[in-house]
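In the two assemblies presented below, chain A is common to both, partnered first by chain B and then by chain C.
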Partner chain A sequence: MMQQQQRPTNSRNQITLRGSTKIIVEFFEYCINSLLFQRGLYAPEYFKMTKKYGLNMLVTNDPEVKSHMREILKQVEAWLMACKVEKLILAIKSKETMTVLERWQFDIHNTKDQSSTFSTSTKTTNTDSFSRPLAGAGQDTSTTAPSLSSPSKPKPEKTEKEIQTEIQAILRQITASVSFLPMLDEKCTWTILCQTEKDAEVPATWSDADPHLVHNAEQVKLRSFSTNLHKIDALVAYRLNDDL
Partner chain B sequence: MSSPTSDPDLVRRFMNRPQHSPFTGNSNTAAPGSAEVRTPFSEKRPTPSATPPTPSRLGPGSSFQPLWSGSENASPAMYESTRKKLRDTQYELSSTKTELERKIVTMEQAARESDILKRKLMARVDSLESDRRFLYEQERSLTKKVQALEEDSIQSKMASNEIIKDLRDENMSIKDRLSQTQEESREKQSELTQRVRTLAASLTHQQQTLAETQDSSHSQSSLVAEKHQKLVEALDRIMELEDQNRQLKLNTQGMEDVVRVQKELQNQVAYIKQLEGTNRQLTTECKHLKDTYRNVEVLKEEKLSLEQKLKLMDDLRIKCGKYEVQNGVLLKEKEQWTAFLEKSDKTDYNSPYELAKMIATLRGDKAALVEVRDEFQEALKARDAYIEQLEQQLSELKTKLVEQEEFCAKLSSIARRHEMTKDFALRQVESLKEQLKSYDTEEVQLMGGSYDNQKNIRIEQLEKLVQECQAKLESMAASANSAAEESSAGSAATLAFLQTIQNQSSVTFSKLCAEKQSLVESKLAIQSELELLRKENSSLDAKILEHEIAIGAGAFNPAISRVLEIKDSPAARHQAVRQQMLDALKEENAALLQSLTGLQQQQQSAGHLLGLQQEAFGDQEVALQDKNVVPAASYNRLLGDFKLLQEEFADNDKRSKRLKQSWTLKADEFLDAVRSLLGYKVNFLDNGRVELISVYNAEEQQSFVFTSGQNDEGTMQLIGSGSQKYMEEHKESFDHWVNQLGSIPAFLSRVTLDLVEQQAHQLRVQEQQLQQHPHYRPFQSLVEDDDDTQNSDMMVDP
Partner chain C sequence: MRSIGRTGLYPGGLIWRDHLHRLTTISPVDPLDGSAYSQEVARACGLDLNSRILCFNAEAPSLDNRESLVDDYYLNLLSWSCMNQLAIGLDKSVFVWNADREHVESLVTLKGNLDSVTLVSWADDGASLASDVQVWDVETRTKLRTMSGHAARVGVLAWDKQIVSSGCRDGSIWNHDVRVHNHKVAELSNHTNEVCGLTWRSDGMQLASGANDNIVNIWDARSTALAWCPWQLNLLASGGGTYDKQIHFWNSTSGARVNTLNAGSQVTSIIWAKEYKEFMSSHGYPNNNLSVYSYPSMSKVVDIPAAHDSRVLHSAVSPDGQTVATVANDENLKFWKLFEKQPKDGKGSSKRAKLSLSGSAGSGSGGLLEDDGDCGGDGGTGGGFLHGKSISSLTRIR
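This part shows the complex of A and B:
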């Protein structure tokens, strides 16, 4: 009985995971494009306006940037499908000093795939101190529904429109957040970091990197949105001016 | 008669006077104040000296004559006598006259003498006065001189004072200078002494080194001398041998000897050569030793510095030892501490954190216990109050009891009194009875049987009364007894009841107390747990915050996750470019430095050799400079820069292209907007001509072309098929709108309106035709196509 029940749910899971991943990757694409435009990393001529999420979004039309972004997002999608991504980070650095000035961080939580988080959390509770709350939450939910598969939970599924409104809100907030962020006076460059689990498959084009810590950081938590499988928390950390 | 007598007296007096006066005058002439004496002489002198006055004297004599004449007349005897008398008198007069004359002469002589004296005196006085004047003048001049001299002296004093002041100042300044110079000299002295010392030290050092070098050189020279001596000896020997050889030659001995000698000679020559070689070797060795000696000195200095370092290291070692000792002490302390903990508690406190935690828990326990104690104290207080209340009640009861007892005692005393009174009354009664009886008997005996009945009755009544009283008393006593009994029984019952109640309450109280205690304990435990949890919670919250901030700043746990970055990110690209640039610059810098040092060396060598071979090296140097001025690295770097610039240029090109693209897009958008809003497709032709094609034109070739000349005066022409007709069609409206009202836009809109109306008309006609011939498809499709092209634009219209 259990197996018979699980099979369709698994297949459903696969489908929803793909859908959810698609939504998230699309969000990342527009979000990063929007940030590149708003933080002035490229000239406005590099962007063209398109309608998305009921908003006028600016997307780059520079083939180089486009292909670069496509490459990154393809890999992110693969990791998302494997549930290995923890965070996606857009770091904005000064060209002159190479110090990190801003760090847009998107935490990706797998909300439905509790078994995997449970297993990882049990593995890591001894070593990792600050993943405890998350792991605890995972344990709680797993104890309440120990053997049942996740879709049997009574949580109502979100419609695409709801997700879209959430994404719209978060993008609006990002646009608005430009007002309080310090001006980027110097020439800047950017890079995208991906925080994955240890056992994630890494292609040859990717390599381990510096976490791009922001020193003397002020941080603002932004809105979050969630699909049926993932929850995305946004956060921006920016370097305060030294004289302030 | 009296008068002649008086006259001689007077003469006498006159006579006496000059007699006296010469003497006195003579005596007085010596006196300086002879001027006073002179005056009487001058006054009296006229009288005797004046001879003419004699007649005048006769005058008075004549005046006497009358007197005498009178008398002559009288008597001639008397005349005679008077004559005689006159003669006497005359004589007397003449004598006196002579006397007087003599006296006058003497007097005159005296006067003359005195005059001379006077003159002399006057002269003397004059001389004295002149002397005096002279002296006065002299004095005056002298005083003037003195004053002048005094002034001079004051001035000179002032001047001298000033000079003294100046001199003092000078003295002071000189003293200051002296002290300064002394200090300077001292400083210089100290400096010089220091220098002298240092120089002496260096001198001694130099002397030492000199002595050493001298020693070494001595030894070397001695060695050289020895060698030289040996050489000389060898040369002597050679000479000897040569002599011998010559002698031998002269002697012309056998060839063998010659050969032998030659061999010997060769040997000797070889030996000499060897010696020379060794000598050379030794000299070179000597040079080498000198060099090594220098090196040794350098090494000595190094050794000294190393020794100093060693000293420092020793200090450090001592410090290190101290620290080790401290560390040992601390470790021991820690061990003691941990041992103490292990021994006493047998709990595994490995870290101070756990200890602190334990202390915190103990503190919480303590606080809880204190609370419990307080609660207990409160309960105790309440109980004490209750006990006090009970004691109060007890005391009240006791007082009541006492009162009751007193009351009882009173009652009993009253009863006793009553009994006593009863006894007394009974005795009285009895005595009265006896009295009565005795009275009765007395009466009986006395009265003889006259018995008073009334009395008896009365007595009986009284007796009855007494009995009643007794009965009453008894009843009263009984009732009192019963009442006492009743009261005692009641109190006992209440006591028993109270006791039972107390027992019951105490039992329940103890139960409740136990329950309460257990509850309090559990509460305490819970509270302490709660507090611990709260603390843990707060600390965890703090940690969470910290970690959140850290995560926000970008921290991650490398044990479970990794941060990945695509290798070819824009930042990495930028970094790579910069790195490349840096490398190139470094390379260039190194090459340039190398060439610089080369040049410097060349210059130095050139400087050395310039004097000798200036011309020979000049060309070469120039050639070398030309060769090494630009290293390859800088060229490469410049190439890299060039590439970068090219890239930038390409970037800029791209940007401009993109701008152009966006501009054309915008222009298209604009034209589109114009077309859809105003109904004309606008084509900008060359020479500033503008072609307008109406959207509603049936034939696309029909269009207006405007050329604008100067002052906005232009031409308009129609192009395309049927232009003539088209032009004629719109001739009227053109005349009206353009020529009369001067508005091209109005004309254009008129045309548009006309065309739209035409189309509408055509459409209507077609629809009618369609209704008439519904099966005629090709036409319809054609029309529809036409409609499509035109209606699509219509659709776009807002």
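This part shows the complex of A and C:
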């Protein structure tokens, strides 16, 4: 716990942080866009197809939605750079009742910090160790990258290719999840929430909110991906059928 | 035990579904251990007591109520240009679809509590697009000008080169000249209800208009001769074109035609006298004449044949109502003292008019009136201040 406040200080870590932040923000952008399309938040004509991560991704071409998302991600990026953001949540709500129907949660772990917290060999934290937090119950190790093995051994830098492959896998899974998610048969709107540390700098455009939890929810843990600095866990919560 | 927000969300513990199939259940830890429990639940629920949940304030854009076609037959929200670009007005936005490139671009979105776009219409050159009574350059996506003034919504619009005719809900049709500051060059008023169809003949000679009052009008473009009677507010005189050759008098309140006069040739303009119960009409081929009639007797008081070498294009009256200026393609601007006030001392003759045209020519590039002197007479001083134009003036002696 004593090393929990450790932040990347040297220039190399700064580069890693910047690069990692860029990858994550980009992932959020494509992922949110993809969800807005798949969950029918906007009509298909507001999206255009583009190649990314070796996949056909649908990205909005509506200027208003674009700028809205840019505003959000700009701040997420700032928080990532300051290592202040813990979760990003996309809540899908009924337009009429404002009930949260679906909640996509992305946990952002700073793997450097976590290694010091959870790893048994805490002395290695200044190396590029990628210990995996073992706290998350029910996590399936086989879903994550092969590079995550013994925490005590310094691991080689993860290549961009490897990261892209992981992102591809998680996006594929999100796309596939439409098959088990309940239909959103009412008009819906969406909100982005961020869970930050208490001392994070908060611009006036953001304000405290309730966590937008889904009542009577079923949760499905999705795949993860990690960069050399961050690990992203994905989770979707959705409303169980009211009859049940 | 601290509240972690909405507890009891996951009765019987939290169910994780791993890989979408395998189920793992976490049992709640010993409830007696309050802090450990709340921490566990908080972590399991993805809540951190030392964190803040922040929400982006701005609401996510809603595209539902936007960009839908307004369901109104009397609007004209689709227009295809000669450059193969299709413009469509959707609610408050105008989109341009380039059919060659198959590319859509948003041109403008009206801001504020305005009504939605009521029409789009391409100019003949395919470069300018009018929407409402705004003119846009589509290439640079800039607004060239706004020509406001209509009292109600403008549902239809037609281009003829630089002239834009706009039909309004109140039944009026205005002709706007996009090049000049005072854009309104004519008002065509015959409809009593919303103008819903408006189109120029391809040669720009005639404008057809249809309206909700179940009347279709054919306007002769050359006879934008319309004038309101100064002493009878609801009386409108309209001059007919080459084929019509009539001057019609309309009661604008009832919409009824109250009188008709055969003028013998195309009527190019009408001006009412202020001082007298008379009006002047200017004409085209064959006589290119000016005529003064008394109203309502319709007797011709004065006729000035060959007032210009070609048809009299425009006329205007001086602010004092005494002098009428006319201009024609013969490059002459002429001033006519048609409605000169009678002197207060009663010296003026009330006999049949004796005409006098006093010529005073500017140094023109031709087009000088050769017959200026023919009419002779007392000298009005007409010219001199307009360079490069011939100016004549005629005084009608009462």
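The rule is short, and it goes like this: the second predicted complex is superposed on the first by the 194 of 244 C-alpha atoms of A that agree within 3 Å, B and C clash if a C-alpha of one lies under 4 Å from a C-alpha of the other, contacts with A are read in each partner's own complex, and residues count from 1 in each chain.
The criterion applied here is as follows: contacts are C-beta pairs under 8 Å (C-beta built on N, C-alpha and C of every residue); 3 or more make two chains touch, one makes a residue touch a chain.
Because the structure is predicted, anything quoted here is derived from the model rather than measured.
Bringing the complexes onto one copy of chain A puts chain B in a clash with chain C. When the two complexes are overlaid on their common chain A, residue A:Ser177 makes contact with chain C while staying clear of chain B.
In the superposed pair of complexes, A:Met98 makes contact with chain B only, with no contact to chain C. After overlaying the two complexes on the shared chain, residue contacts for A:Lys198 are found with chain B and with chain C alike. Touched by chain B in one complex and by chain C in the other are residues 43, 46, 65, 68, 71-72, 75, 86-87, 95, 105, 189-198, 200, 202, 205-215, 217, 219, 221, 235 of chain A. Within the complex, the chain A residues that touch chain B are 43, 45-46, 61, 65, 68, 71-72, 75, 86-87, 89, 91, 93, 95, 98, 100, 103, 105, 120, 123-124, 127-131, 133, 189-198, 200, 202, 205-215, 217, 219, 221, 235, 237. Contact residues of chain B toward chain A in the complex are 543-544, 547, 549-557, 559-572, 574-575, 655, 658-659, 662.
Residues of chain A that touch chain C in their complex: 41-43, 46, 62-65, 68, 71-72, 75, 86-87, 95, 105, 107, 135, 137-140, 143, 177, 180, 187, 189-198, 200, 202, 204-221, 235. Considering their complex, residues 5-6, 9-10, 14-20, 22, 24, 26, 43-48, 50-64, 106 of chain C touch chain A.
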